[in-house]
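Letters A, B, C and D name the chains as they come in the text, with residue numbers starting at 1 for each one.
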Amino acid sequence: MLPTEFLGIKLKNPLVLASGILGTSPEILIRMAESGAGAVTMKSIGPVEREGNINPNIVEFDCGLLNAMGLPGPGYKNMAGKMEELKNCPVPLFASIYGSTVQDFVDIVKFLREYRPAAIELDISCPNKDDGLSFSADPETTRQLVSEVRKHSGSIPVIPKLTPNTSSIPLLAEACRKGGADALNAINTASGMVINIEARKPVLKYKKGGVSGPALKPIAVRCVYESYEATGLPIIGTGGVTTGRDAIEMIMAGASLVGIGSALYYRGLDAFRLIAGEMEEWMKNNNIDSLQDITGAAHG
Amino acid sequence: MAKAKPEMTRILRIKKENPYVKTITLDMKMKAEPGQFVMIWLPGVDEKPMSIRSSNENLMITVEARGKCSEAFTCLKEGNSIGVRGPYGKGFSHVKDCIMVGGGIGMPPLMNLSESMDGNMRMLQGARTKNRLIFTDRHDMMTATDDGSEGHRGFVTDLLEKEILKKKPRIVYTCGPELMMVKVMEICKRHGVGMEASLERYMRCGIGICGSCVCGKSIVCLDGPVFTMEQLEKNPDFGKHALSRSAKKLTLGEYYGGKE
Amino acid sequence: MLPTEFLGIKLKNPLVLASGILGTSPEILIRMAESGAGAVTMKSIGPVEREGNINPNIVEFDCGLLNAMGLPGPGYKNMAGKMEELKNCPVPLFASIYGSTVQDFVDIVKFLREYRPAAIELDISCPNKDDGLSFSADPETTRQLVSEVRKHSGSIPVIPKLTPNTSSIPLLAEACRKGGADALNAINTASGMVINIEARKPVLKYKKGGVSGPALKPIAVRCVYESYEATGLPIIGTGGVTTGRDAIEMIMAGASLVGIGSALYYRGLDAFRLIAGEMEEWMKNNNIDSLQDITGAAHG
Amino acid sequence: MAKAKPEMTRILRIKKENPYVKTITLDMKMKAEPGQFVMIWLPGVDEKPMSIRSSNENLMITVEARGKCSEAFTCLKEGNSIGVRGPYGKGFSHVKDCIMVGGGIGMPPLMNLSESMDGNMRMLQGARTKNRLIFTDRHDMMTATDDGSEGHRGFVTDLLEKEILKKKPRIVYTCGPELMMVKVMEICKRHGVGMEASLERYMRCGIGICGSCVCGKSIVCLDGPVFTMEQLEKNPDFGKHALSRSAKKLTLGEYYGGKE
């Protein structure tokens, strides 16, 4: 019922571990694969080693999480060992990369090529690094980046990850398409802040952070819907999905795959199996045989 | 309170345990198991995982001044407030007729566990030197110091081996420097005794989503920090590797800057 | 404890009925004033009569509301009677206006001037009308609008209302300041969508709508914080405030007044009194005598 | 379900009440009071407030084809699904020994209320003509038609006055055209009888935040739709004004396009 194809890649189900969720180590990515994910995305890889932000890096609020990890990571030059180990990953592996310059992205793509990830996400949407959104601020800059990266990725599909922190998702998505994006991921977190009033301070050391979880869902569904309408590209719908119903909602908005992030907190590490089970049950009750029959069904 | 939201909490009492270590009693009740931990936030400074020293009455933690943040914790005064979230993780089992082996600031969770053992246990503590020992007002504490300034001169693991030979316990609980815990595991294996150990890894979220604290296939903040011997035997990184703040896999020697 | 001053206007408390919440008729605005609001904002007034969108205009999700009323209203030329009645409003009255052109805004301001509202909000942030965000899409356009409006408002303060649907609140806020804004309102709703999967359709007839309520709060707090930092202007902090603690959080982020919208649904029509009471209690427990002592306290 | 979120619900049965009116039984249970209403969504078409005809067992509504959306409601078939949210608003009190006065599609909430009166009530219905009447299988229904094609020729309010004179009821409940309800109120006042009426205004949110349905100082979807005589006497817009879809204050004549 749930097996699906995305950019020619076969997946046992449409649920993808979102980037930055437990994706720091090959062992855990493989564990997530074994625990039911249809595909897994690595933590975003940067040009150089980065320690990320000082704690607190995360805080919960009534209906979501706010995080500002600050993209900690060893840098691509220290990733060879991990990439080798990930050859054992039993499900399709998506890499994710970020950079401050076009050249950063290109360098990392060149490094990743030989390890043949199923696709490469471009994290141009991280609100937790000072220049994390610089490639999303205007469509022409976005288009140029995607186009440059696409030249170097060879047969590996490129998937820009969109930010809700924009005045126009259709323009941003269309810029990605024009640049040669093979698919889109919508969305990364929305910029937010939580203040502890007794401490009289933003809780996160970075002050601002990215909103994920249930509070993000209606924004994510809208961004998926708009991206689908604007570009017709395949979409990984990410943001606030914690149940099978949420996943179906994303798919009806136009997502081919569904990113799962904060749900690992809300539902536990068994989230993939739980959500997949709920999807199957709903499909059975509604006489739907295949996800293709409902992808984008909310349009028109 | 939402689980991952710090609540500012007043410090009721501070007790000096030795020149480097203080026990802080907080104006908060918390239902928690020995071995679980909380995240302690010092606004403007940092947030760190801390084992629960006691949650029978008020929540208590015991902090050793190691670096910038823990130093700042030990400078707090009664009446100050700090942020608390938790409890997190999986704690120790609860088997009486046990031996506890603590090293340095690994003692607090073991002390917590010991309080419900009705004395049906033995407790061993190792430290570099006499004034690094804590909780020594406990009359049944057996100690070892590297320099012999108090108790046995040498490793606390020597004491463990002796105690097992004296009378085999049903289980050994340990928390402290990882190489000490590796040694404890070896001894337990050799003598056919079960064992549980509490691990330390760099933590950010404390709730199992950021991937900072992974050790082998384990997520220390969620699956642990307490692991059983069976789990540790299968974990290729136990006693060997830890992720740096930048998620680079380091040897423990590199991770602790040669201090371990 | 709660009496406060904003742009020289004295208020009994900092809680302002947000625009579009029950603000269609003088009788209800006066009722809200009597039920504890420190000030009340009228439903946004447009250049011509508008019927708004067909139902459904609202739908709830797990942690907020999504609405797409589509700015129904009689148009300013039919507002004389209501403005007359509003002379009896026992608390300061804020008008709110929208338009498709600069001239629209200017015309409405000229009409409103003689009724001397305490301030005029510029709704350049409605996601539920096709050109509702056209004056927010780029800072220079925003600046020009605010500047043109300010020329005609005389001594009446002008308060642009910011949208979170932007790549940069600081740039938007700064453009408003440069244009001569006397204060800012942050924020209007975030664009979102809710799909009913059994119906396979977006619930709202307009498809997209604006997210309000608890889900919006961390985004609103961040926008207030950024606006305060970028401009230093007085701010009406609006978005997801349903408790006294939420209101204090807004104030610490930099708000001088706090907008109350969806809380009227979550807490009932007594929301103003409840929230004000909770604020006073918190202030008492934390030995704070005046709101001025904590305005912007989370900065620095 | 969250309160303001439509739940798609299957239509179990449809019953034709007269050529224009159908009663729809839904596969949903709902705890509600007579006089409360639900919002009924026809995906792709519109969403409208509908009085609860019955919620003793399954939820029932009774719809008259008036315009585009209600027309579409009456064209639905058994097995189709529609969205339901609610219940909303304040219903009728529950005083036995009452008279109910319904006009046209004002009957459904009164029928609902009547079902728990153990027959301790009188029910009057007015309509333009015989084939506009509904629920006439009820043996105790007294009717009036404008053209005299059934029951009393003339106004249902004539019947009311007669019944009050026959035996003064403890209260009068009414729902129907607003000018009829104004007349009912006059009669009740004249005879010193209490009264409650259910109002109609243009509704969008149904939950008291959008301001579409205001009538005087009242928010009809939240404070009403049922109001007491005391409330209505103080309401300058009752019987006089209603807000258009564009929130313009119209006379009732303008609002109903001369149809009332």
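The rule we apply is simple: contacts are C-beta pairs under 8 Å (C-beta built on N, C-alpha and C of every residue); 3 or more make two chains touch, one makes a residue touch a chain.
All of these numbers come straight from a predicted model, not from anything done at the bench.
Common neighbours of chain C and chain D under the contact definition above are absent.
Centre-to-centre spacing of chain A and chain C amounts to 33 Å, using the average Cα coordinate of each chain. Between the Cα centres of chain B and chain D there is a gap of 69 Å. Chain geometry summary: the mean Cα position of chain A and that of chain D are 51 Å apart.
Annotation for chain C: residues touching 2 or more other chains are 61-62, 194, 198, 200-201. Under the contact definition stated at the top, not a single residue of chain D touches 2 or more other chains.
In terms of which chains touch, the assembly is arranged as an unbranched chain of neighbours.
According to the touch criterion at the top of this document, the contacting chain pairs are A-B, A-C, C-D. Per the touch definition, chain A reaches chain B in the complex via residues 20-25, 27-28, 30-31, 43, 49-52, 54-62, 65, 67, 69, 72-75, 78, 81-82, 194, 196, 198-201, 203, 205, 261-262, 264-265, 269. Against chain A, in their complex, chain B makes its touches with residues 2-6, 8, 39, 41, 43-44, 46-48, 81, 83, 204-212, 214, 216-217, 219, 222, 243-249. If you check the complex, the residues on chain A that touch chain C are 61-64, 66, 133, 136-138, 163-168, 190-195, 197-198, 200-202, 207-208, 211, 214-219, 221-222, 225-226, 245, 248-249, 252-253, 282, 286, 294, 297-298.
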